[in-house]
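Before anything else, here is the set of structures, which you'll find just below.
Each of the next two complexes has subunit A plus one more chain, namely subunit B in the first and subunit C in the second.
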Partner chain A sequence: MDLKVLRATIGKEFQIRLRAYPVDFMVGCILTSFYTVFGAWMMYHYFFRKRLATDFADLAGTSDYMSYAIVGSLVYLFVVRTCLNVSRRLITELREGTLESLMLAPFRRTSYFVGNMILQTIMTLGETVIAAIIGIFFGLRIHEFCLWKFITAVLLSLYGFFGLSLILGCVMIYARDTYVSQNTLFAAIFLVCGITFPKEYLPKILQMIGDIIPVTDSLTLIRSAFFGGLSTDRFIHIGIKVFIAGTVYVFTGLPLMKQLEKITLEKMEG
Partner chain B sequence: MIEVNSLKKIYEVKRREKFFFIKKEKIEAVKNISLRMEKGGIVGLLGINGAGKTTTIKMLTTLIEPTEGTYTFDGIDAIAHPDIVKRQINMIAGGERMIYWKLTAYENLWYYGQLYGIENNLLKKRIEELVKLVGLEGKADLPVETFSKGMKQRLQIARGMINDPKYIFLDEPTIGLDAIVTQELHKEIRRLAKEKEKGILLTSHYLSEVEELCDYIYLVNAGELVFEGTKKDLTDYVFSGNRYIFSVKGMDEAIVIKLRDYLRGIDFESEVEHLGGNAVISSKAELSSNIAAFAVDEGLVINELHKVEPSLEQAVIKLSQNIENKGIDIA
Partner chain C sequence: MKNFIKVLIAECHKQHRNYFNNMLIYVSLFLWPLLSFMASYYSYKAFDVEGSIVSYISGGNMPVFLLIGYMGMSFFRSVVQSAWHFSQERQGGTLEYIYLSPASRIAVIFGNALSSVFEGSVAMVVFGMLLIFYNKAALNINLFGLMAVIPIFLCASLCWGAFMNACFLYSRDSDFLFTVLEEPMEIFAGVKIPVNIFPQWARLISCIFPLTYALEALRQVTLNAAGIGDMKKVFIISIIIILVLFSATLITIYVVERHMRKTGNFILF
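The block that comes next holds the complex of A and B.
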């Protein structure tokens, strides 16, 4: 890891965000989380009339649906914001006309992407905290907080989300598209990763798709850090799964990205 | 020294046929280009009709890999070791690309400097020098988006020199610059080559710029090298002879016709054209004294009679016309 490039990338991205994005963009992101939580609250209170399936507590690890849904939507907000920004980096460089000058320099791509991920994580954490405060008014309660599980879960999740961002970035730069690819992935995450309901309610095939997206297991780990309901052995087992999935994504994504850079630079010509 | 031999680049292009079918096609953007760049020299890469100049530059800057051919960079295989090459080269392109508009000029240079791993104190010093060089003192802390086109271009030039490259690729570097800044840049390009021993490759649509700066010229057409040599070699190759401008008091078409008949008696292949009130004479023979004698014999008062060196622009235009009309031998 090249720390010079890492630090410089964080600094550059921070300055760009500071000058490029108005505060209402951040408000918009928090509102997305608010709407998700509000939607879940409406469904729970007026559609389900607070009645949950008998197996919900077994599958979710808690019988507190609103807390379950709110944590899910906070993680969803986090995934969307980090994946979106990290995966879009290269295609943004391409659109802004800086891809060539960037690729002319002999720097390590890993530092560049990790730098983007770190900055995005810091920025998104701020938004997530605000969204979490809003969540309290909708019934967010922490039942059994475990610090080491929380830290482990967050670190593993970041690793998994980073890998996911790289793969999404590859799709974006290959297809030269951001909207269709990102929205398809985010819709899939919302549907199959257990954001507002346990994925076990879905057909087997959709559950399998959910299993290969690291968000599903990350969410299980984070929820267990807040609500318990998962033994330490099970926590470690799922943690290893997230780590392996993240590693597969990272070690597929980075070399693939390098290949796609070349194709992109050729396409710029052809 | 940079030396490329028989460089070739084939792109695979996908073309949509009907709605669902995609046909793959291979396009040879660069067919066979060999060239050399030496430290301290300025070479021009000129192109006619989608020549493949940009593809060639991208291969030389290791942004893309050639399909075939060899590329050695100071004795190193550049295709196998692009990272070594990248540290010692840079590219400056025309237009307003290659810089971050949301950053200030200083932040841009700092960021690129960090990507090249330049030590911080050295980088600070270099940025100060470059900002001064490109005339952006007092503006370095302003966001680039507030810059004029010329200022952005000047910043790009500074960016292209941030790593103190041994070889610099200039792709239309003066597009959008005013005459004064262009002149300053020309001076700087010459200084970089002659005093700092940088090897420079220049592409430009302004042929006068190439003529002014380049010691050696490569001319490419449709991905192939059609000529290489000095400007004089090129004009000699294209015009192969002498050109004279001749004008007399009361010059008209009748005088031109008479002169043409007279000179064809001396050189059957000579050509006389009536252009802008002058007779423009092309001939392989030395005709100055004959033209003067014609004027004396006809009792004409000579306004102007001198031999002209054809410009690079005239040579390139003539060569491209030859290529379009009848094809040309590849040099």
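The block that comes next holds the complex of A and C.
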């Protein structure tokens, strides 16, 4: 990995974020997370009057529905933000007309994407913290915090999300569309990855789709760092699964992206 | 008037060709509402549904309740999306031409909204079919009521779409309207949670969305067999909302044009 390119990418992206794009977008994302939490809160407190299904506690590993849903929506916010920006990067360069100059520069793909990911992670962390503070008002409580599990879970999740963004980026640059592909993926993640309800409620086939998206397992890990309910052996087992899935995504994503760039550059004017 | 209709049809036709030039439109029309519907349906499973306090919701007709909600939602969403697409005319550089031409602005805006009402109707028919096949027993339809509700529903969505279109014309940075007005619609308009169990302050917010009334009327006639007489209040409110939205659209168009004249270049203000 080329550190110079990495630093330059972070610097460049930060400038772009600061100067060209307004704060609206950030506010928009926090609002999205707020709505999800708010919807869950309404359902829990007003619609069903705190009456949970009997199997919820077993499946979720905690009987605190609000904390369960809030942690889910925070992770969802994280996925949406990182995937959105990392995978949209190249197609945005194409639209802004800078893709050609980027390709002419001594540009290293890995450093470029990792740089984007790092910047995005830092920015999203800020947003997640704000969203978490909102979450506390809606009843977010941490029952059994475990630091090493938390750090491991976050690092593994970032790796998995990075892989996912690369694949989404490939789809975007191939279809030259960001709107439909990103929103379809996000809607699907919301459904199959157990964001606000345990994925065991879903039919088998949807559960299988959920299993190949690293978000599901990352979420299980992060939740267990907050609420417990998962043995260390099981934690390590799921952690390895996320790592393998992430590796598969990253190592198919990067070469595929390289191939697709060529196609894009060829038909750029078409 | 002849001119108005000419422009309306032309814009409708143009937008239709614009949207349906690839298959991806079907994804946003059918797949997205279906995915959100399923997400809500399964998130209900975390609760003890039989213990809900709303009389017409039980394990059996809960999917129907939700399906009607998402049907209406997908309809309104498609008109909001049309506004978003319309704002791309600015980037495409064609907005200037529309403003330079003698075409009536209001006709252009309504034409755009109307074309997505047609699309929405297709989605609605499919959802409706699904509903009937899925659970005939849970439905309790009053046919005359339904006949009366549907045109009002269409008019409300048309006016809402036109109003959104006019708002999006104001500035290139109006994307945030999408987040502010679209997502809360799903919660506050009672798509997945009935409005009548909301706390007072939330009910105030839900008053803003025409979808709230449209869904209430639609559910009353399909689940409770309510007749026209039972829903006088909803009808009157809907008509008032339609009128308010229509005049708001007219005012916004006027304000937008004045703003554009003042700030100069149409594309870059």
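In this section, the second predicted complex is superposed on the first by the 267 of 270 C-alpha atoms of A that agree within 3 Å, B and C clash if a C-alpha of one lies under 4 Å from a C-alpha of the other, contacts with A are read in each partner's own complex, and residues count from 1 in each chain.
The definition used in the following text is that a residue touches a chain if its C-beta (ideal position, glycine included) is under 8 Å from a C-beta of that chain, and two chains touch if they have at least 3 such contacts.
Given the structure is predicted, the values throughout are model-derived calculations rather than measurements.
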Contacts of A:Ile122 with subunit B and subunit C, given as first, second, both or neither: neither
Partner chain(s) touched by A:Phe48 [first = subunit B, second = subunit C, both, neither]: second
Contacts of A:Glu266 with subunit B and subunit C, given as first, second, both or neither: first
Contacts of A:Thr98 with subunit B and subunit C, given as first, second, both or neither: first
Partner chain(s) touched by A:Arg19 [first = subunit B, second = subunit C, both, neither]: first
Which superposed partner A:Ile240 touches (first subunit B, second subunit C, both, neither): neither
More subunit A residues in contact - subunit B or subunit C: C
Which of subunit B and subunit C A:Leu31 touches, first, second, both or neither: second
Touching partner for A:Met208 - first (subunit B), second (subunit C), both, neither: neither
Contact set on subunit A toward subunit C in their complex: 22, 24-25, 27-28, 31-32, 35, 38-40, 42-44, 46-49, 51-54, 56, 60, 65, 175, 177, 180, 183-184, 187-188, 190-191, 195-198, 201-202
Complex contact set, residues of subunit A against subunit B: 2, 4-5, 7-9, 11-12, 15-16, 19-20, 96-98, 100-107, 262, 265-266, 269-270
Partner subunit A, residues of subunit C touching it in the complex: 24, 27-28, 31-32, 35-36, 38-39, 42-49, 51-54, 173, 175-176, 178-180, 183-184, 186-187, 192-194, 197-199, 202
Complex interface listing, subunit B residues touching subunit A: 11, 13, 27, 29, 54-55, 58, 61, 63-65, 82-83, 86-87, 89-91, 93, 95-103, 107, 110-112, 114-117, 143, 159, 163
